[in-house]
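Both of the next two complexes hold chain A, though its partner changes from chain B to chain C.
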Partner chain A sequence: MFDQLVASLVDGLLIGVVYGVAAMGLTLIWGVVRVINLAHGAIIAMAMFGLYYLVGRVGLNPYVALPFVALGGLVAGYVIYVVAVHRVINAPPLASLLATFAVNMMIIGTATTVFTTSPYSVNFDLGRVTAGSITVPGTRIVATVAAIAVGIGLYLFLYRSRTGRSIRAVANNRDAAELMGIPSSRILAFSFGLGTMLAAAAGALIATFFPFTVLSGDTYQLKSFVIVVLGGLGNPIGALVGGLVLGSLEGLVPVFMSASWVPVIEFGLFVVILLARPNGLFGARR
Partner chain B sequence: MIRLLKRPGLWIPIVLVLVLGMIPAVTGSATLREGLFLLLMFVALASSLNILLGYTGYVSFGHIVFFGIGGYVGFYCLNVLHAPLVLACAAGAAAAGLLALGLGASILRLRGAYFALATLGINEALRSFVSNFGPFGGPIGMSLDFSIYRDYGGPGQALWLTYFALLALTIVVIAMSYAVKSSKFGLGLLSIREDEDAAAVMGVHAPRAKTMALVLSSLVPGVIGVLFFFKNGNIEPADAFRLQSSIEIIVMVMLGGFGTVLGPVLGAAGYERLRSFLLTSDPFKSLQLSIAGFALLLIILFIPNGIVGWLRARLPRVRGTLE
Partner chain C sequence: MRAPGHTMRVVGIALVGAALVACQPTGSPSGGQASGGSQPAGGGQSKELVIGFTTSQTGSLNVESTRQQDGLQLWIDDVNKAGGIKLSDGTAVTFTAKTYDDESKSDRVQELYTKLINDDKADFLVSPYSSGLADTAAVIAEQYGKIMITTGAASDATYKKGYTHVYQTYTPASHYLTGAADLLKKLDGSAKTIAIVHENDKFSTDVATALNDFATQQGYQVVVNEGYDTGTTDFAAFVNKVVAASPDAVMGGGHFADTSTFAKQLYEKGVKAKMIALLVAPPEPKFADIGDAATGVTGPSQWEPTVKFSEDAAKSAGVTWLGPAVDDFISRYKSAYNEDPSYHSAGGYAAGLILQAAIQAADSTDSDKVNTAMEGLDLEMFFGRTKFDTSADAHGLQAAHEMVYVQWQKDSSGTLGKQVVWPEAAKTADAVYPIH
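== the complex of A and B ==
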């Protein structure tokens, strides 16, 4: 029993960090651009297929292909912002929700025509790592390490680089940032791209070990919502921790009850946290 | 009657729905009836969502939850308790209304994006809960015992019955939507939409008004759920709590013009027609989602007030006629 608990927990924590990266993107976009990006799942799915294409057709190693997929995510986010989001940035929240949802429909609709909804997977194996009673595929370990690296990279970028400081300034007060000479529109577009880049990176990492379909993005998008609320809306580092919480829930709950109860607990918790602690589990009380 | 004629904002949408709704009754065509059933259903769902979304300004991704919970409770009454359809409909409405009351007391405290996210969570939580709930058949759902249709004159008659019930409900929703908009209560809702804090200062009891709006918008979807799944003959979680439908209903309200009585009617009819056209014409079939998405994006970016809002802004003379 104890061994099984530990194994499930480790399993959950490993995947949770990767979920956390996707959620970091969502929460970054909310924190800076003040938009809930409903096209997040579509980007995650596209990244999975991007990796599939680069590995299966071009023949790259998945970890060499990963930066290209992430770069694609950055460009896609930039384009989505310029085309769909910028015009409604000052409108009521409904407008930007629907604009990003429209983008989601367009991407998923086109992708369904091209790939249908049958499952795909990237054939790639790194062997297994065994420690005591726990056995984990190598790809999962690499994904977790990469996700942690992305998290640290984002932190350093936001707090140490000039662009990162501009992003935080715009998130804090867009008008004041504009007065200080920060080109806020460009920063908003870049932040949106950065958020979708994180989604793409997470999607590509997940694709190295899980099969996926065109519609998989939706599942991961919903998970991202839960994580974002756990960690506090607009708090990227909180999202990584929220990912750990969600991952361990996903790992531990099936030990005690049927796995189909996992979403009930996840979304129940999600609503309770929104009500009781809207700034997240670790955020300051209002 | 004369007084009614002086209120074109009320009778224009009702006449529109009545004329459209009577076509299958006159021609007796079952195919047409099935198409119009869906159309009327979305007209009613969009008009009821409009009370919360359009008047009060709260974005809900969970409108279909009321449809789903009403459908499940009503289906349970019909199939397991063998209650008559009227009672099942009442039970469906009651279930949806009670859920709305509970949600009003809890998540309506949240505003803006937080509320929208919470409704999304409610939808997912309820769907996964029902998938695990034994009495409702878990993930497989329930199938109607076909002998039940015999009480309503056989399946053919039962389909006509549900159709006319839906038509009547649609008219009730439109009348309700108009009544709310032209009442003092509706004025309170509109002021909450513009500025909730200011409305509270001006004496609008915001929590009570918002809860009332949510309950009002939930009752009819609860009944429609019962009718839809009674007609359908089976119910399962994925059909009852389809997140996609909630979003489509929002799109319909936006397309027609949110906060207007006629808007959701036109929006729902237009969207539903467009979708069935795309689904049945060959070159667009596989791309229908992309095309609908593109159309939505154009509307959001260029006519954010929808068809009716755009007409009202362009033609000052129609402002008295199109509410």
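== the complex of A and C ==
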């Protein structure tokens, strides 16, 4: 029992960090642009297919392909912002929700035409690491390390770089940032792109060990929402911790009861936190 | 207005065409010569019947459903090319398919089968792929009194609801993994424990329940019996439970996508079970995509290209034979779709053959007469034998078709390939045991 508990916790934590990266993107976009991006899942799914293409057709190593997929996510986010979000940025929240939902439907519809909804997978094996009774596939370990590196990179970027400081300034007070000479429109577009870049990075990492379809993004988008609420809306580092909490739950709950209870408990927690701590477990920091 | 000479030429060509068609061998649709669409054969009337069905062009059942549709479409093409089914009054019955995308969803199936019956005036129905969707379609078919041949749908429950127009092509789900337990017993008398991890849908749950009961009767201890949700991609929690229980055999699975992933993650986690027997995915050629993780995995198959059903064997058993020989079906499927047929493809074609046999036996396209003929069918084809339960408790349940078990094995050059390992009479290689 103890072995199973530890193995499940380790699995949960490893995958939780990767979910956390996707959620960091969602929460960053909310924190800066004040838009809930419903195309987040579609970007995650497209990143999976991007990796599939670069690995399967171009012949790149998945980890060499990853930065290209992330860059693709950045460009896609920038374009989505300019085309669909910027015009409704000051409209009531429903407008931006519908705009990003429309983008989501367009991406999924186009991708379904091209790829159908058949399952795809990137066949990549890094062996496995065994420690006592715990066996973990190499791809999951690398994904976790990469996810932590992305988290640290984002933190350093936001707190140490000039652009990062501008992003935080715009998040705090867009008008004041404008008065200080920060080009807020450009920063908003870049922040949206940065958020989708994180989604793309998470999607590509997940694709190295799980199969996917064009519809897979929905699952990860839903997990991202739960994580964002756990970690605090608008708090990227909180999202990483939220990912760990969600991952642990997913790992540990099935040890004690049927795995079908996992979403019940996850979303039960989601509602409780919304009611008791609307700012999330770690509050919102901008 | 066209010149009289032109009209005469057309009539002349039509007469020569009709004469050629009349010289065609009847019975099997594999004759392969086109009759010219609605050209009446043998001087009689031509009648085109609409076969209505839905396909999961999108959604999780896409792979299996597309193959099933391909198989059925090949049957339609074959029958039409051979000039249709000839009735004694000279009518040549041809078919046309009317199909929609059900998105792998029950609610779409409900809407679309109603549309197929009311708007498209479908004469006969074939089920969508999967037990869940077929069960939904069966309700509609029965309500409207339309004959529906289910294929790709093995759940027993559909046929225990008092329906009288629904007929099953596949071996019922309750038989899917019981043979794997038999095989385990034969291979290793000392094996004691089985872990069952299955998808939480209708079909897989039926299979798992039947397996659990059978295994318990046989003296096995079922150490894990867990269901996972449709669409699951992370099986870590289940694999950890299996590892903790260290069973002799792991059995279960669900449909193609989840079962392949489950097999892959069992391998990645280094699970040391002596036997792994999973549903649906192992017979699919695409299962080889998971590489080494496929090695040793066993699975039940409704049909394999190596099966030995033949017209001669049918004759000596005193059973009616219909349709192409096994090799004939395989080569024509390959040339039509550029891939090997799986059992889903064969099941699609077989559903068409069953309908053909019933229309021939009824010598009519009248629904009631065909339904009566369906109840009396005892047929052998490349897919195996077919006969339906006609009792009130399980009307339409498949009563004669038998499954084979395949195992992915590496040959001496290290190439992965599928072998039939059970039952003894059908095997192409001995089962590899233990696999680790």
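Just so we're on the same page, the second predicted complex is superposed on the first by the 283 of 286 C-alpha atoms of A that agree within 3 Å, B and C clash if a C-alpha of one lies under 4 Å from a C-alpha of the other, contacts with A are read in each partner's own complex, and residues count from 1 in each chain.
Throughout what follows, a residue touches a chain if its C-beta (ideal position, glycine included) is under 8 Å from a C-beta of that chain, and two chains touch if they have at least 3 such contacts.
Not measured: the values here are computed from a predicted model.
*Asks:* Following superposition onto chain A, is the placement of chain B relative to chain C best described as a clash or a fit?
*Replies:* Aligned on chain A, chain C fits beside chain B.
*Asks:* Once chain A of both complexes is superposed, is A:P93 in touch with chain B (first), chain C (second), both, or neither?
*Replies:* First partner only.
*Asks:* Counting only touches as set out at the top, which of chain B and chain C does A:V229 meet: first, second, both, neither?
*Replies:* first
*Asks:* Mind working out whether A:M180 is in touch with chain B, chain C, both or neither, as first, second, both or neither?
*Replies:* After superposing on A, A:M180 lies clear of both chain B and chain C.
*Asks:* Which holds for A:V145: it touches chain B only (first), chain C only (second), both, or neither?
*Replies:* Touch partners of A:V145: none, neither chain B nor chain C.
*Asks:* Is A:F267 in contact with chain B, with chain C, with both, or with neither (first, second, both, neither)?
*Replies:* The first partner, chain B, only.
*Asks:* Going by the contact rule set out at the top, does A:S121 touch chain B (first), chain C (second), both, or neither?
*Replies:* second
*Asks:* Would you sort A:V129 into first (chain B), second (chain C), both or neither based on which partner it touches?
*Replies:* Touch status of A:V129: no partner.
*Asks:* Between chain B (first) and chain C (second), which, if any, makes contact with A:S258: first, second, both or neither?
*Replies:* both
*Asks:* Is A:G109 touching anything from chain B or chain C once the two structures are fitted on A? First, second, both or neither.
*Replies:* The first partner, chain B, only.
*Asks:* Quote the smallest CA-to-CA distance from chain B to chain C in the superposed model, rounded to whole Å.
*Replies:* 6
*Asks:* If I apply the document's touch criterion, which positions on chain A are contacted by chain B in one structure and by chain C in the other?
*Replies:* 112, 258, 260
*Asks:* Using the touch rule from the top, collect the residues of chain B that touch chain A in their complex.
*Replies:* Counting only chain B, the residues touching chain A are 53, 57, 59, 106-107, 109-110, 112-114, 116-118, 120-122, 124-125, 127-129, 131-132, 139, 247, 250-251, 254, 258, 286-294, 296-297, 300-301, 304.
*Asks:* In their shared complex, at which residues does chain C touch chain A?
*Replies:* Within the complex, chain C touches chain A at residues 57-60, 62-63, 104, 200, 226-229, 231, 233-234, 236-238, 240-241, 243-244, 256-257, 260-261, 264, 268-270, 289-292.
*Asks:* Show me the residue ranges of chain A that touch chain C in the complex, using the header's touch definition.
*Replies:* 1, 3-4, 7-8, 11-12, 15, 112, 116-119, 121, 123, 125, 128, 130, 133, 135, 137, 209-213, 215-216, 219, 250-251, 253-255, 258-260
*Asks:* Using the touch definition up top, name the residues of chain A that touch chain B in the complex.
*Replies:* Within the complex, chain A touches chain B at residues 30, 36, 84, 87-88, 91-95, 97-99, 101-106, 108-110, 112-113, 222, 225-226, 229, 233, 258, 260-261, 263-264, 267-268, 270-271, 274-275, 278.
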